[in-house]
Structures are given as structure tokens and as C-alpha cells.
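Below are two complexes that have subunit A in common, paired first with subunit B and then with subunit C.
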Partner chain A sequence: MRNTFIMLIPALLLIAFIMIVPSISTIYYAFTSWNGFTKPTFIGLQNYREIFSDSLFWKVVWNNIKWTLFFLTIPVILALIVASELNNVPQKAKGVFKTIFLIPYVLPTLAVTRLWQAVFFHPLHGIITKIFNHDFLGTPSTALLAIAIINTWQWWGFLANVFSAAMDQIDKTYYELAHLEGANRWQMFKYVTLPMILPTFIFMEIMTVVWSFLVFDYIFITTQGGPGRASEVLATLTYKTAFFYLKFGKGSALATTMIMFASVPIAIYLRLVSKGGERV
Partner chain B sequence: MFMGDTYMVDVHLRGVVKRFGKTIALRGIDLDINDGEFVVLLGPSGCGKTTTLRIIAGLEKPTKGKVIFGNREVTYLPPRERNISMVFQSYAVWPHMTVYDNIAFPLKIKKVPKEEIDKRVKWAAELLQISELLNRYPHQLSGGQRQRVAVARAIVVEPQVLLMDEPLSNLDALLRVKMRSEIKKLQRRIKVTTIYVTHDQVEAMTMGDRIAVMSAGKIMQVGTPWEIYNKPANVFVAGFIGSPQMNFIDVTIEEAQDGINLISSDFTIKLPQEYISLLKDYVGKTMILGIRPEHMYPIGYVPASLQKKDKIKGIVDFVEALGSDTIIHLNTGSKIIVVKTSGTYRPKIGEELEIVIDLDKIHLFDKNTEKAII
Partner chain C sequence: MKRFVFILFIVVALVSTVLAREVYVWMDPSTEPEFKKWLRERYYPTFEQQTGIKVKIAEVPYDEQTLRMRLMSGDGPDNVGLAGPSFAPFYIDAGYLIPLDEYAKKYHWDELLTDLYWKLGHYKGKLWTIPQEFEAMVLFYNPKVFKENGWEPPRTIKEMEELAAKMKEKGIMPFANGNVGWKPAVEWIFTAAINHIAGPEKVYEALTGKIPWTDPAFVESVEATKRWYQEGWLGGGKFFSLDVGEVYQLLVEGKAGMAIWGTWAFGDLTYYSTSTEDWDWVPFPSKEGLSYPIFAIGVGSCIGINKNAKDPDAVAQLINFDLREPLDNLELFAEDLKLFGTVAYTPIKSFEVNEETAKKLEKLGVDKRIVKFLELSTKAFEKNTYGYVTWTFWPPESDRYIIDNLELVWLGEMSSEKFLKGLQEVFEREVKEGKAIYIPPRS
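Up next, the complex of A and B:
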């Protein structure tokens, strides 16, 4: 027993160093006023009072919520439809399609985002700009949507692959039985596919919520939260607060709110998993 | 509907051929199944029995041939328009639905009113003795209970034809025996035309009104269990049915003064005069003699009723004592003959034995066509 614990020490130290120490530090700095150079001053809940009373914070949270709702639906529906259709494709062709769909996901985010910015959303020559005669990225009301479209392009293929892999695990006789009993394709999806891939589906939805509250790269590369604050999200606001305005204390407090938002779906997921565990 | 009345149809297969790419799975299946009959498709793995069932179900389309229900051709109709039900080997009971919802599902799809669904689900559950399990999920059930749910789900729609694809092969031996009789009793009660696929000859013999023995995409024989066992049409059927397997010995036919001699390399068996006319075309030729192990008796164990008999000799090579039976492997020189006798008889290995053959029960097959002559 004691030997087992000794064996765990290196791994525990590593985890402590790379996870626990920075987390605790962040929580500590959240209660301080610190510009990153001088000694931090303990100010209690002052950072949180300022954050929660700032309308910008709530606007940013709302942007995160909109982003989350978009990613909980559009790419998921797209991926589910494509994954279901892949079930009706011969095995070899299925492999080819799955590979093609996965390509955008393995490209670097910076390259994808810059490419979309230049080819589709360029304010003058972008293909989408020309088709709709509208500068999506440059207009406050559509900037977030445009970035979400770029992210979706990179993301949905991966999601389709994950759903397709889950669907591959479904015993084909379930479909045959439903077919014999007169179920149509929608009923087969509703009564066989969806319930059977539910654990994967829930996991991906929960992770979507987590990732949506942590989203940073797509927004920072394209608009840096602009125009104005139109596409500002929690992560870009946190980054700017800490590294642009050198308010590391407030930035840490913002980071902890992100952790709180991301923790809720994780808690729900863990609860579902423990409940589901009883049934499986 | 069956909740009391009968509702059934006869099924006919006409020249059904099925190819999967270059592989020919079925080579022209002709089969007539009467309404309310329990027919078993029996054969080894890969013989085409499941493909035949899937074509009847509409899950596969035949390359050639017709499937007829009553006087309606259904060859290219989708399964839902055939009024059939199927029980799969894996049961296919949906894990995310309660037993009640599983049984109710096919009715729900057909938009049957809720009260009617409730009535029918309860009827099917009662018939299968699973009424107390209706609120449970499949993972809370044993294999046997899941099997019952699958059968209940199949009969609740009152199909004209009930198809079963090796439904008992995932159960343990004891439960299989129990379910065998229960399925048979249920089929007798609801009188649905049933087509049952299995590779287990005991299941086939105990459950089927008739058995269609299949091999390599062809039906080798259709008959009652009695016919299949006692009058096998060819070497394949003779060898496939019966345990231990029938003994096959090459013999030369020779006409003698008072009968026919079957001459093998190890022994000669003498058949009475009445066989002369049956075997006159084979005199001088080689045939395959088939004798079931249970139709040979050691001295002292010969039934008094045995009329036509002859003896062979051999040395006991191996003995399998099964309790109720003893299986003797008898070395007759160049062949091992298997004899099944009473469990009370235990010969010693190396002992010389004289074995009496019941000549009324022997089979003779044409060496070239492998068809039964006697």
C-alpha cells in the first residue's frame, strides 16, 4: 500500500506543478490588485464587484451564450445528418468521406482562420462578402456569426467522425428490427440511432458548452473581440484585461468566472455519467 | 387477430436464387409452407438458411425467383407491407426502452390507439409470462427473459408469418430446452405460420412440424422429423441428422443365391431376397451403406422384436460412457464403426465384440449421386 503511494508521487508532483499551483495562484490573484510588476495588494472581492457591475461583462457573457447555443445546434445537426447518411454509404467510400471531413480539423487554426478571412470574409474581395454584399466580420451584428461559421467549418467534420464512430457501434439488427416493424428513416434515427449514441452525444454537447466558454483563438485571430466589443468573449476580455491593461488581479477574477461557467456543464455531465452507470 | 382467433398464411418460395457478388448463397430454393405450420430451416453455417429467412422477411431481395404469401407475390415488397415479424439471434431488444415500450413499439409505429396498444402488450406479456417485467429495462433481465420480450414484441403485431433466426443459440443449454418447448407451445396456441432457422438438429427435430435440411444453398430434403431421420434422401441429410453421426461404409453389391451380399473390406452383410429387385441395377457396383449407431446392438442387448439382422465383428477401440448411453468405437479392421448402446453396457478396450445390425434400418446410397436407394 505504502509502495503504491510512493510510485504515485512523481505523477502527483507533476500534476501539482502544472495544474494545482497555477489554479490556486489564479484564485489568489483574483482577490488582489496586481499590475504584474509590483507586489499584489489584497483587495477582497473588489475585482468581482467591478466585474459583475460592468455591463461589458454581461454583454461578453451573452456573446459566450450565443456562441454556445450556435455550437450546440448548427454543427451538431450538420454532423448528425452527415454521420447518419454515412451509414448508407459503402464501407470504402465511407472511409474516404470520413477522411475528407476530418481534414479541416487537422489544419492549424491560425491558417484556417486567416484563409477564411482572406478568401471568404475579406471586406472587399471576400466571396461571401460579394455574394451577400455585406462585410460580415466588419459589421458588429454579424461578426460573431462569421467567426462561428469559420469555427464550424473546421469543427463539424470532426464531430461527424465522432458520431459516425458511435453509430458504427450500433448493432445492425436494431435497424433491421425497426425496418421490419415499419419504422421510416426519421423514426429509425429517433428511436435507434439517437438513443444508442446518446452517451457520445451528451459528452460532445457538454464539451461544446465547456469549449464555448473558453473560446479564444478564432476570435482573437479574426477580430480581437471587435468591431468595438461586438465579438468580445470571456477569454478575449480576460486576456486583454490582464495583458493589455495590465490588470492581472481583475484578469484572474475573470478567469475564475470562466472556470465557474465551464464547471456547470462538467458537473451536469458527471452527474449524468454516474446516473447512466447504474443503467448500463 | 390472435387474441383468440387465428390469422395465418401459407408461404411459397419459387426458384429463389441469391448472389452476393461472385458468391452464390442460394441456388434455386423451392419450398411450400402451409398456413399455421412450423417449418425449420436446418443446416450448417453458410448453407443459406438465414439468407432464405431474410429474403422471406424482405431484408434481402432475391437475384431470381419469387416469394409468395397466400396468393400475393411479395418478392419486392418492403418488410412493413408483408405483415411479418422476426426474432433475431441477438434478440435486438432495445436497451433504452422498458419492456413495455419495446413490446409496444411496433404498434406505436403503426399508429394503433393507446388503449389497444395497452391491451395487446398485456396480452403478449401474459402469454410469454413476463407481465411482472413490463417496467424493467433489458439490462435488468436475464437472457431467457430478454428472449421472451423479443418473442412478445414479434407476436404483438399479430403477424401472418413469424420468422425466427436461431433465437435460442445465445441461451445456456438448460434454458434452451425450456424455451424450445415454450416456443412450440406458443406457436400451437396462436397458430401463426412460423419459419425457424437453426443449425441445431435437436431443436429442429423437437420443434418442427416439418424440416427443410439445407446445404450449400440448396434444400436437400423437406420432411417431417420422422421422415428426415428414418428416410434421409441423401448422404448429407443422413449424416447431418443423428448423433453420433451415421456410419458410412463403402460396399460392393453382389447377388447371392438367397439374397444380396454387401461386401466391404472388413465384413460382409447379407440382405434377404426381397432386396434383389431394389438393388439389381447396382450388382457389381459400389454403394454407400449407412447404419445409425443406435441401430446396432451388442449381443445381450438385441431387442427381441428385431426380425432381419446380421452380425459384424470388431475390436473395441474406444468407449465413451455418457451415463444413459455408451458409445463404442469398434475397429472392424480398416474402419471404425460407432455403436450406441445402453449405458449399462461397458465393454473393455481391446475386447472383441460381435454386433448385431438391424437390417430394417440400414440405408444404401448411390455412390455417385449420393441419393438414397434404400
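Up next, the complex of A and C:
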């Protein structure tokens, strides 16, 4: 027992330095005025008062909500359809498809985003720009959608793989029985597949909410939150507040609000786990 | 005997290693290979040869965050390059830099630097940084496109707008401007408008607190920038999705007719250009009634000495070498101008770009268009027809406010009046906090 604890020390120290110390520091700085250079000054709840009374903050939260709703539906539906179809494909071909679908996920975000910007959404000669005769990234009403499409391209293949793996665990006799009962493909999906992969499905949806409130890289690389504030999200606002305006205190306060938003689905998930146990 | 010689050799080697003077500098990995090569093989070796001080180069991303983190941890380059005078107070107050007064005295920098640069380097009564680089907002154009269409470069805002409308009709992008990759590109347009529509006198009065930013002259300027965007002239209406790295190509290829850039573009244009006919520049047009030419000038960066530098004297020598480059190493300066354009130029009192110097520089292969700028801008100083760029003369948060909010005006989400009211509030607060930048009096 004692040896086990000793063996855990390096990992615990690592976690303490990488996660706990920065987290506590962020919470502390959220109550200070700090420019990142000189000593921080304690100002109580002033940063939070400023944040919550700023209409920009609520606009940004709304952008995060729109982003979340998109990712809770579009990539998930796409991944579920493809994963279901993979079930009807011979095992060898299935492996090949799954690998192909996973390739975008393992590519660096910077490369993927730049590639989409140059090939599909380029304002002068992008393929999608030309097809729709519309500058997606440069127009406020479509900028966030365009970035979400780039992210989806990289993300849905991973989701399809996860769902496919969950579907592989389903006992084939359920499908045979449903078939004998005269169920069509949709009914088999609705009454067999979906209930059987529900724990995985819920977990991925909850994680999607968490990740959606933390999204940064795709947006910062493409539009930096523009045009205007059309694609601004909490993470880009936090970054700009801290590093562009040199308001690290307020930036930390914004970061803690991000954590609060992301904590809600985690709390729901933990509640479900504690209640349902093996079901989720 | 052999043993004695061996020991002596070791001692000499050790002593020379200990005594060897060295300056540790950073070079951004994204620098063009040609530029890197010149710095590695020509610029620093010349310094080493002339002073006996070694330069140790490290390729490190030279951005504000990396620099701050490294300085916080007691590291960083010996010569600390900052984005401009408005950033210096943060570093000075944090104690990352050492005062340069002693070196200024030793190397007579007060006699060397122009008054503006000398004063911009001061903070709380001491000299901390040496402002470097000289830049101004100008109007670039493609002479071939102009020749083919029988157009003349505009001298007034009205002429420029008429020309932009004609270009759009012909399917030519009026202004090769975009802000992808460099969001602050939006403030170039603001800078050009307020200095050339409201005029530098008005800007001076606002910067010194005599009039507010809500003055109708500034409203008119902001409205003009909004018109330029909404008419689809800036980046052909694709300003927010056009990459700043692509715009040079658009101008030299004649896909765009004009561009609102600063003179830092000289270096990039030389890099993309394939003939002498694919780009040229004129002073940015002025509103009728204002003088012409006006040059909205700025300082691109400033340099200080890291408090952790092992040999600050050697760093001061490197700064001095750089400052005196046009005086002591004209050939090297010419090469510098050829590669980096006016980014390589810091105005100094003893080096006037008159007709004679201009001829010398041209003889050394410096592009005539660059030399023409150095000549004209020198005269602008003499004639008091210079303006102010936002990234040098505005306090940091006011500058950032412009970058983040002007877009909203263009997109119709904020009125020009509300935008300027917001600017006035931020500006006033920063002035109260002691963040105002030195504004040279207009003689």
C-alpha cells in the first residue's frame, strides 16, 4: 500500500503543477487587476461586474451556444448515419473506411484550417466561395458557420469511429430478432442501435458541450473573432482581454466563467453516472 | 618545456573564453530566408569584425508573449525589441530593462537621434529604449494598370474615390487591403483617413487633449473609411477574408489598382515584384484644403537592454552600430534598405537624405522608389506636414479599441459617433493613468 502511494507521487506532483497550481492561480487573478507585468492588485468582484454588465459578453456567450447547438446535431447526425452504414460493410472494408474517416482528426488543426481557408473559403478563388458566390468567412452572418464546417470536417470522422465501436458491441441477435419482427432500418436504428449505444451517445454529447465552450483554435486562426465580433467566442475574448489588452485579471475572470459553463454538463454527467450507474 | 607550453595554451584558451564578449540576439523563424541569410552572413559578421564582439543568434518566435514569458523567467534576448514606444512602460515598470542614459552619453545618442526619437525613448525622466524604424502611410499603385487606363495617381481624397469607383466598374480591385493574419491592418485605414481628411493639426490637438475625438472632423474621417468598405473598394469588399500576405501579389499582378499601406511594404513589394512597372507609390491623397503631401509617420519598434544581459556594454555597442549604420557603413545600410525597405531606416540628425545621399544610395543599388520616400519624408519633417500613426502615438488600449471596434462601424453595427465616443473615453482614462505617448510640438 505504502509502495503504491510512493509510486503515485510523481504523477500527483505533475498534476499539481500542471493543473492545480494554474487553476488556483487563475481563480486568484480573477479577483485582481493585473497587467501581466507588475504586481496584481486585489479588486474583489469588479472584474465579474464589468463582464456581466458588458453586452459583448452575452453576445459572445450566445455565439458559444450557437456553436454548441451546431455540434450537438450536425456532426453527430452525420457520424451516426455513417457509423450505422458501416455496420453493413464487410469487416475488412470497414477497417479501411474507419481509418480514412479518422485521418482528418489526426491532422494538425492549423494545417486543416489553413487548407480550408485557402482551398474552399478563399475569398477570390475558393471552391465553396465560387459555388455559392458568397464570401463565407468575410461575412458576419456566415463566418461562424463556415468555421464550424471546417471543424466538423475534422471532427465527424472521430465521432463516427466512436459510435461505430459502440455499435460493434451490440449483440447481432437483437437485429435478427428485430428483422424477424419486420422492423425496417430506421426502426432497427431507433429501437435497437440507439438505446444500446446510449451511454456512449450521452457521453459524447456532454463532452461536445464542454468542448464547444472551450473552442479557440479554429476561430482564432481563421477570423480572430471577426468580422466585427461575429465569430467571437468566450475563449477568443478571454485571450484578447488578457494578451491584447493586457488585462490578465479580467481575462482570468472570463476564463473562470468558461469553466463554469463547461462544468454544468460535467455535473449533469456525474449525476447521471451516480444515479444510473451502469446505464451511463 | 612542452608541458609548460601546453598549460599556457590551456590558460590562454580559458582566459579568452571567459573574456570573450558576446551579445545574445533573437531572430524570428518566420523571417524570409534571404533576410536571415543577410543578417547571419553579412550584418552581424560586420559588427563582429568591427568590434570584436561575438553575436550569438537564436531562432525564437519574436512575439510579445514569448518575449514577456522569457523575460519573466530571467531569460530573453540581450537586446529587447518591442513593438513600439507605447509598449515600453510595461517592461520598464516590471524592471526588465536597464536605463540607457550612461550609454547615450558615451555614444552621444542625444546628438545623433532626432528630437522625436530621442523623446519617444524616454520614460519617467530616463532613456530606456531607442526607437527604431521609420514608417509612413502612403498610397501604393500599379503604374501599368494606370497607364493602360490613362489614369493619374490621385492627389485628393475626391480624386481617389472617383478612381476607386472607376476601378470597381472595370472589375479591378480598388484597394489591395485585407486583415486576415493581421487584424490591426484595419487601423492603417483609420490612420490614413484621420490624418488626410481631418488633417494632422486636428489629430495633434486631439492627441494633446485640446479637442475630443468626437470632433466632427473625425466623424467625417470615420464615415469615409466606412464608405470605402461599404462601396466594396477595400479588398474588393472582401477585406475581412483577404490575407495580408496575399495583397502584395494582387497589386504587382495588376488585379488591384491601389493599396493603402505603410512604407514597410517596400521590402515585401521588392520581394514580389518582377519589374519596375508593377508598383510605385505616391503620398496619400489629402482632402481639398489640406496641404499635400502629408506623411502620417510612425516608429515601427524600439530596442532596450535586458537587465539580465551578461554584457550590457556590448549590447549598447550593437545598438550604436545599428544607429550609426548610415554614417559608418553606407554600403551595409544600402543592402539593408534593399532587403528591408524603410524598416531598416532610423532617422538620425547627421544623416540627411538629400540629393547627394540619394544619388549615392541609388548608385549602391537601392530602389529609386525607396530613396524618393526617404527624401520626401525628410522634407515633410522640415515643413511640418507630418501626421501621426495610431500604433505609435496612441496609448495601447486606445489603439486596441480602434482595431476591435472600427470593423463594427464598417459593418453598420456601431455608428461613427458612438465609436469615437468610446475612443474618447478610453483615451481620457489612459491619459489619466499616465499612459499618454509623447507628442512632439508642431513648430
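What we mean here is this: the second predicted complex is superposed on the first by the 268 of 280 C-alpha atoms of A that agree within 3 Å, B and C clash if a C-alpha of one lies under 4 Å from a C-alpha of the other, contacts with A are read in each partner's own complex, and residues count from 1 in each chain.
Rule of thumb we're sticking to: a residue touches a chain if its C-beta (ideal position, glycine included) is under 8 Å from a C-beta of that chain, and two chains touch if they have at least 3 such contacts.
Since the structure is predicted, the reported quantities are computational estimates derived from the model, not experimental observations.
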Fit or clash between subunit C and subunit B when superposed on subunit A: fit
Subunit B versus subunit C as contact partner of A:Phe158, first or second or both or neither: neither
Subunit B versus subunit C as contact partner of A:Tyr105, first or second or both or neither: neither
Touched partner set for A:Tyr269, first subunit B, second subunit C, both or neither: neither
Contacts of A:Phe244 with subunit B and subunit C, given as first, second, both or neither: second
First (subunit B), second (subunit C), both or neither touched by A:Leu124: second
More subunit A residues in contact [subunit B versus subunit C]: C
C-alpha centroid angle, subunit C to subunit B via subunit A, nearest 10°: 150
First (subunit B), second (subunit C), both or neither touched by A:Thr38: second
Overlay on shared chain A, then closest C-alpha pair between subunit B and subunit C (Å): 50
Residues of subunit A touching subunit C in the complex: 35-38, 117, 121-124, 135-140, 143, 222-224, 226-230, 240, 243-246
Parts of subunit B lying in touch with subunit A, wherever the complex brings them together: 57-59, 78-80, 84-86, 88, 90, 92, 94, 96-97, 105-106, 109-110, 137, 139, 157
In the complex with subunit B, residue positions of subunit A that touch it: 171, 173-174, 176-177, 179-183, 187, 191-192, 195-196, 198, 279-280
Subunit A contact footprint on subunit C (complex, rising order): 64-65, 68, 90-91, 93-94, 178-180, 183, 235-242, 396-397, 400, 404, 407-408, 410-411, 413
